[in-house]
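Here chain A shows up in two complexes: once beside chain B, once beside chain C.
Showing the complex of A and B:
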């Protein structure tokens, strides 16, 4: 099953959901192998933590790695140890470290990054954010510029979202905030609202929420990102912050263009 | 105090007569005897019809999925929602298995102070028994207090197709009205609503029920209509923030989708405020809350806080929003007017009090934006 997702304007995520059934897997590897594994930039392999057939899982994983080594040796590899909610809370870290050690060992000479995930909490979001973060070519530069921007406009916090998925791809925190899960919450709030808008065949362009102790602005930023700015100095009128955002937009748009030129034209990221 | 033992249910809080009350709850005597009884909404229906779920979802922000874990209500649960909500009512969630024909219950007391009786019928189940119970309950209540408004929620319709919904409503209303007619209760009027906790229909239905009980409704509607005309706004709702029930809207028709969008906007505002707002104050509504959402179809959703419990949500066009100064001034006038409408209520303390003249006067101050 294939699906294409466009991220950051020039990153095409080809999602190949390879069915787990045995016959399917065997078939795939036999006939489609080179086709599937050529030009791969990222491999995301999902393991079911409750699986009773660890040996088989590892075998398939290694087969994939062999194919990667042959066809796309520079690919980044991510392993998700999934359904962690089914493991007892106090056992989770131990179980995860165990698996991680095994996988890192088995993956050599390739390197893999492991995440423990579950659809029922924020871990899946964090894993995807981390993966996205590594896919963005100039992320360091983006972060420095975001920090400067936050400093100049005196913001408490500035977040950068990827337009299609609303994953937080970069953020700068000038004032400590106690809720460490707020990124996922904000993404969900916005996605929920986007869904409601789609029911009336519309989509939102910008949002401003303010009261007497904070002001939050969500605006379109570059062609592939949204920005959220949090201000706690409510004496600053909204228009001022919006002008600042508008001016910064041009600068960040330039950054993105520069990066686009660095990449090969028509290069596709296969995941 | 007698307690009724039946179906293993102990309903200990219903005194037969106020004076034979052996007092656990002093508040109750006070409310029974005083003239300042809070209007009551009764939620009744057969067991498992969904009453407690409705109450939790509408007034306690419970997610519909979590209601699967609610246990059967054993005692009459009196929910005083006036602390967080503008809606100054007591919602009485009465267990489905309670038999009201039993003389141990002081029907005068229960139905006497009731403004609205919501009877919940499970549309996904056989509703013959529900109809019988409905008839008995409604007849009894009407005899005690003919002023009660009877609202029938045809509930759990999320699983039914549109045709099926209409058919079910038609069938239930026909049968209910026939039974009443046969019993000679021709003056009894029933209102029917198709509801589900999985979408906004339950909020819409509750909005209509609550609106009928607010004596200042026509004043509020006039104020909103005036505001809408003078500010070039397409639609305006006065929402109760906590329950997302709208207590008034302007004269134009209510489009369900617009209503839903406004509800979603309130959610966004509340959720963001919970994350970034001040810890000490309540999450519900801070001072001077404002929210502006621009959509790509040239529409803007504009939310402004009116009182601690009420927010004004407007839908307007991009062009209209350029005259924001005038809109904001009009909202200020509207706010003052609404405050004085409710001040009069508390001063006079009469539920069917005189319509305040002060409120209407301030409309004269509403600037006409088309002349600006």
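Showing the complex of A and C:
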């Protein structure tokens, strides 16, 4: 089963779900090999931590790596050790380190980055965010500019979300926040809201949440991003923050366009 | 590419409030910046908590006079509005070229001339930064 997702306006994410069925895997490696593994920038391989057939899993993984080495040797490789919630909490780190060591060793000469993930906590979201982060060519420049922006407007925190997936692709924290799960929570809240907007044929554009402790603004930013600005100084009128966001938009849109020009024309990011 | 020249065209809340506050002497008790729709953008003042209402009303009054000037023979744009009210005097002035308004509220003790001089000076000073930003 195959699915396509468009990220950041020009990155194509191809998802191949083999569903653990051998027939699919054999087919992919035999007849579709070049088609799948050529022009690949990123490979994300998901392992089921509960799998009883570790040998077979590793065999398929290595076959993928061979195809990568032949067709796209400079691809970035990420391994997700998934369903970690099924492992006892005190065992999780040990199990993960174990798998990670194996994978790093087996992947040589290619390098892989491993994440332990589960749909029941924020680890999956964080893993995808980290991967997204590495796909953006000028992410350092984006971060520097975001920091400057946050400083000028006196924000506590500024987040940049990818428009389609609402993954956090960049953020600047000027004031520490103790909830490390906030990114996924916010992402889920906005996605739900977007969904209910679409049910009445309206498109989500912006949101302002305000109480006596803070004011949060979520606005469409560039053609591929949303921005979220958190202000704890509630005496600052909303309109001032909105004016600042409007004025920053052009600048960040320019950054994004520059980034696009750096990518080769017609290059497809296969994941 | 110099990534910072464009991004500096924004308004720092703290600095803006401080600048507006410089007018609040000798009887002037609050100075506001309002957008064309009547929303408060910045303010500095004391002894007052109806700031947002004042902002909207000021903006409305300005718009009303702006509209009626189209019927006037003199084609000069509205420059400054000075109002004498029961408990104080108010001045409204253009700030920048994007429609922002500067408002000053003062006691009855502040003469119209002084009020006009203060608001004109402040508006002139703010023209620099306010002319470069997009308001809506």
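As a working rule, the second predicted complex is superposed on the first by the 270 of 271 C-alpha atoms of A that agree within 3 Å, B and C clash if a C-alpha of one lies under 4 Å from a C-alpha of the other, contacts with A are read in each partner's own complex, and residues count from 1 in each chain.
In this text, a contact is a pair of C-beta atoms (placed from the backbone, for glycine too) under 8 Å apart; a residue touches a chain by one contact, two chains touch by 3 or more.
Note that this is a predicted model, so its numbers are computed, not measured.
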Simultaneous placement of chain C and chain B on chain A, clash or fit: fit
Return first, second, both or neither, reflecting whether A:243 touches chain B, chain C, both chains, or no partner chain. second
Quick one: classify A:255 as touching chain B (first), chain C (second), both or neither. second
Mind checking the angle chain B, chain A, chain C on Cα centres after superposing, to the nearest 10 degrees? 70
Where does A:95 make contact in the superposed view: on chain B (first), on chain C (second), on both, or on neither? neither
By the touch definition at the top of the document, which applies to A:69: first (chain B), second (chain C), both, or neither? neither
A:233 in the overlay: touching chain B, chain C, both, or neither? Say first, second, both or neither. second
Quick check on the superposed pair: does A:147 touch chain B, chain C, both, or neither? Answer first, second, both or neither. neither
Quick check on the superposed model: minimum Cα to Cα separation from chain B to chain C, whole Å please. 6
Chain C-contacting residues of chain A that also contact chain B: none
Residue numbers on chain A that touch chain B, as the complex places them: 177, 179, 182, 185-186, 189-190, 192-193, 196-197, 199-214, 216, 230
Interface with chain C, chain A side, in the complex: residues 141, 144-145, 148-149, 152-154, 233, 236-240, 243-244, 246-248, 250-251, 254-255, 258
In their shared complex, chain A is touched by residues of chain B numbered 257-258, 260-261, 264-265, 267-269, 271-273, 275-278, 286-297, 299, 305
Seen from chain C, its contact residues with chain A in the complex are 1, 3-4, 6-14, 16, 35, 39-43, 52, 133-136
